[in-house]
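Chains: A, B, C and D, in written order; residue numbering restarts at 1 for each.
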């Protein structure tokens, strides 16, 4: 409901799908907020527009629990730039944190920044959410009819209302009761006065892992957050599982585990986590990301190889730094193995100093803005047959700009290769795409030849859905959500979003 | 629930009771936010620790109402230092605003800053509150039992919950229904999608006035806010009255008026508004403050005159700038009329550049901090019999420091005169005193002689309660709340505050 | 030379002449920077647009002196809002400080903020300057011809160049040599590695006092800076005197005193220091300001009394807070003594929360800006014959606005009284007036009747120059500079300012 | 001379030599400041601690030139985060800019931020400098003896003094005169009222290129700054050359070129520009950086190949992102060609969200700080024989941390390869190394075996000096400066630095 001047993070202007956040939690560590700060840092790629930490401290003198909160718009380093916030104010042995990617445009609601923190009859409670609920519009309507007020436009808030309104008296039961009512994707860390709770929806769209740091327990969206704090990976929170960390867990190292009602549903892991979202050094859904991403490149090379015209003049394969680095290595090695002389090259240099704000350039210097992110290495590209390997194409705008840059650098031919199928359907489980008619694959009616022409390249090859599924880990009874490619949604979807009727 | 490093405003270190805020509202003006900004500026003395404005805009394109909010810790000028916030973002023809004085100590809850803004089944709603509810702890408990979550520790939030849970369907009826359930002091401005509502509790502790600016209607805690915007005072919102400003009111200039259930209760105007809170250039409770404050000084002079020892050496009467300026003039003129040669003098110079932060001085420079606020004019005081006229004594700390300053400047004798009786009881209606045992009048068991000794002055004279009541306007069936002087509370009081059990 | 967006301090928009700064110095105190911070705070009224402190520390480990500097645009509290700057960084037992009022408009040079600090063959040297040099354009030109570069547009910089280019080897002699070459007004504190030097030009336009704080010596523009730090006033730095504070002075309490060449010139104290610049609680030119200012009011009352029309309806005399407070008291008492029934009243309330920035109001709310500073107390003014006592009229714009406010409040008649003669000539010694043709007294050709009409008042009375001179202290061979009233400049003036040819 | 709390940029804690800045200049463009802003952005890698832009504008109304300046500590985006500074204030058709890397430690002098701007007899002049003067201590001493004052501790300031003191009357002649007196490294852009001058010392240590953007001329340290603004590379400024861009140059496209006295000296290009400083997409010293860097990797592979133990288990070669990316590609391809099965892998993930400030971790979380920059991809490294290719080793601290990370990830063996010889001597021409005894190659007396042990790797291979020289472009009469490797300084060096005797 708040209007403010949001300075959009430049990364958000990239033509990429965007995930809905990273979550973190820790229980039983004297520097809980500091550990969370470092954990959030490692999860920065999952959300750059807001960050927050909540701690629970037992105030000996007052004989009661106290929550401490700090959250704001910006990167982790911006939000917590004043050291004393983390070291002095966010006291307590338990904490949860959140990095947020917001979907709204130029105006946004400060209250939406997570963790959300409220007080109800059982005390303080805070929540960090990654994912998207699919029935929150209906629940919100019901709650409103019963006289509930809402302070955010976030789907997450309804979980708190459902907990508070549960008829259960035990707090963990209240949480389970609430989670049994919501549908869609949720990987959560919840902080109460004396407990940390981790929960994942029965489909398991978003990853969530448990680790150990000394005696303390840690929860994170991706295991790269464990590496930065030297924690050990224990296991994934299972789809439909609710884990409770409390004093007893610390003493006995036994974690209480509960299961949500539909936890026997077939999982639907978000396949885009492997394609783009997760960091290559993370382990998600039980597997390391790096080899999967490499395999995507290899399969793509088999489906759409690029041959050199002349054995002495090898095909130059370049990555789009840094998201397609690993897949490109896979592509080159397989393309080579297939007898197509090619070599991995660094043809695009990415500037990492790009900050938050950019001067709006005058008419005649408009193109500079694009170039602040990427520049070409001309001698690598000049006169060459060039393959650009990217992980996905959404609107196509960035792709077109990259193609222009590479063409201007003197490339003879440009062959665009994408390690995912064409994106044609909206995601209702926490991935943010532009509206359907902005998707280039839709604008071109899924006609790859038309897309090729629009990009202006000599050839264009998408990884097929079959190739994609063959490249990701094959696990027993588990399958992946591929709805954004084929519209095959594992759940029913509310027909029109809350946004349309409740945008304040 | 948020912990943060609050830089306390220096004025809040003054040894004065403190009011709980100023409210403002406007309906039907193209620059609603700008007018509100200026109105809040004029009400700055009623709250310096936080400020906010909410506007309602009808978005033609989307065909619906949108609320815009900006609020933060700090003075009006700090919170709105970026012009574009007021001029570009806070669009709309209706607005409410709030200046807040927070009672909490080093930690405070950002969410408590008003106006509070939420969404419920009838749309957006925002509220600005001056006063204190006395039964909010019980209501909060009931609401919690029913599954309500709270985002603030503010008593104001329960009004919003009660509105949302009302069984009424008409929005104005919902508001009246809610206000009929709460007890204590409230002067409110409420903004809904298409209405501005002003409401005042049946006792009328805090002032609230209605004015007109062109076709637009304005509401403010004090009329000095009308002067700054060139609005015309129409009337006070009556105790127990609810006024509704909507499109119809603009067209017909007729304002719908409703009355709360107990609106026939005997009013209990806060007498401290006349003594100290309100600006002398305001009109409150239907009367101008300036002549009342002058009368307080006169009555005090009659009760506790100070005679010169020698007709050629007149008694020097000094004010404590700027709060006792007017009363001092009254004191001098009456003391003179009584044949006690005396003259008004400026013996204390107050620095108005005192900013928000102050360097904590080293041991040997500790006293400088006090002196950054006041310095003495030595030639005015040296060798003189000096009368210091102040409006009230709370803890006594500032008074003692002033006495020391005046003594160091060479005063022969110091006679302290106070335009109010000794403060001995807490206020439950929106005035912030320190805990009872910090009040000097309590520490000295109400023994004025003991207080005199502690202050270290030759004589000390408080205005009597009778003298006070005789000096303020005598209005028909209305009376004043004097509970802080005599403990005579007009309502029952919850025995222990919410704070003790719910401080997060 | 730096362009930046200067947010002008609102006080600088007041229609008042403005002084060129306050200076401070301390030698021999372990918390030199802290003391300077408080001293500058007390001198805040002499300059609000920039502030700085320089300390000299002997670095035991490195065996050499080190200067520490912090300065910026803003009030003392803004510039030093980070405590650690004063307590941790500005180490050393000697310090000088400066509050600056800048004359430039929307763009200004950050390098001009004082103290200026440089390094030359004898080590580090820093300087704080109050006043204006009258031959700096010629000296600057000579220095430029010899190949000198300038980093500021400040006249003060040439003093540093002259010191560095002096043929003397002894540092104090270098300084005296330099000061003998410059003409015009200077009250200086100079810091070298191991000395603090105070110097005042032979005419003594600007005040400069010496005090003692324990064993340490302090220097300040006004003695109110001694009060805040509990230092004792010792003496004024005499016109043409140079005082040197060093280790020897600490040990023996004997201060070395030198005299500039023309130190036998007849002094020309700036009479405006008594009228407006200095704080009433200061002692300058050897006398307290408060009684002088009171006397100005009395003399004015004798020259231009205002009689009541009806003995029962006393004339209301109001001050313009806070600059004419004291003079108004003098006016009332004398007017009364003359048999003109009148009373001192508070008819204007001044807001002290006015911050640094103000939203530019829309066309229809333009007047609010004026009203953010002053509001009227209507019941004091309504139907009355009102006397406004002010200290000076420069452009006349603020005066006209005040008259309008008082008229709108219902005053029957308005009589404007000014405790100084009409200002008609520019000041070349450190006081900042607008250009001659902006001065209302010039625009009206000195015709008081015309000014009266422009202000729109029933009568207008300026204090005569004779009355002014009779009211200020009469000291033996000393006289005052009254050039701004009668154009009688004590020195020759460079015909056109440096500004015209060197504004970068 | 200023002490302040410098928040060191994290990149500056990297164990790398650091260059002394990037310079930029433009003449004849209506958006000179905007272009400079983008140019500085592309040169951000050459200096991250301060940034500034100066423009020259001809003020039609005043009939004279005006300089506009904005500079501050921080990245380009931080310093110019307020758009209006660049678009509204920095008016003019000519501009110079500077990115600075400061060598000082925790305290630094704000005045040292470049461009330096002063005024002298011929008007305004500003200068941006990349490089280090070797005789500035002697010149400074002479200038001080003659009475010159210094406002910075920068060697650059003496150039301005020498220009101002030149006996020449023509401004360009003055500049040439000044540059003929200084020794050491300088690549300069100088702005006067109506000219832009580019100059490079006769040895040509630092690069400097000329380009064209429409009719305008541009100057930059590296050509990557031309790419971002779509300018065309024309030529390098030759060693010893002075180019003058003025109105005539715009009209005729003919640039006046002058030569410094010793411009026939043998050039000594800084070889480290090819190894590490310059961006791979730049062209410096007339050649593209990318192929040189690749060649360094290839030569290194020939000198220190790493063989796989088992043909089926290829050696894993990893880069240290992003500085050794290109060289690693060269290393792998050559190592492979030599029959040593190896593959390029991404084994280290670098976080690019690392901001300016970092919370100082508690004792038990100390190691996290390192990990905020790099994480390992475990499955790539586990059980492998790993080659880390880096560009240089300075202190060795970062190298040791990387080795530990890779070891912890399960690497079987670690072979460290460095594309430069051991660094043993300080640079006097603008590269910043730590003191000699902090260099690991010195601590180990140049004993590579000892360094290997300290790093804790199975083998360590530095590129030989011969190999280095063979890999960089061979140009006719030109040679490289390799003093940091062999102590062979092309010029005499002042025996002790200015710093020791003049650190303020």
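One rule holds in what follows: a residue touches a chain if its C-beta (ideal position, glycine included) is under 8 Å from a C-beta of that chain, and two chains touch if they have at least 3 such contacts.
On a predicted model such as this, the values are computed, not experimentally measured, just so you know.
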Quiz item: What whole-Å value do you get for the distance between chain A and chain C if each is reduced to the mean of its CA atoms?
Solution: 60
Exercise. Measure off the straight-line distance from the CA centroid of chain A to the CA centroid of chain D, and report it in whole Å.
Key: 36
Quiz prompt | Interface hub residues of chain D, defined as touching at least two other chains | solution = none
Practice problem: Make each chain a node and each touching pair an edge, then name the shape: line, ring, star, complete, other. | Solution: ring
Quiz item: What are all the chain pairs that meet the touch criterion?
Solution: A-B, A-D, B-C, C-D
Quiz item: What residues of chain D sit close enough to touch chain C in their complex?
Solution: 1-5, 62, 64, 66-70, 82, 84-85, 89-90, 107, 111, 117-121, 124, 144-151, 153, 160-161, 164-166, 502-504
Exercise. Write out the stretch or stretches of chain D touching chain A in their complex.
Key: 31, 34-35, 37-38, 41-42, 44-45, 48, 75-78, 80-81, 83, 86-87, 224, 227-230, 279-281, 288, 290-291, 321-322, 325-326, 329, 333, 343-346, 349, 351-362, 364-365, 367-368, 371-372, 375-380
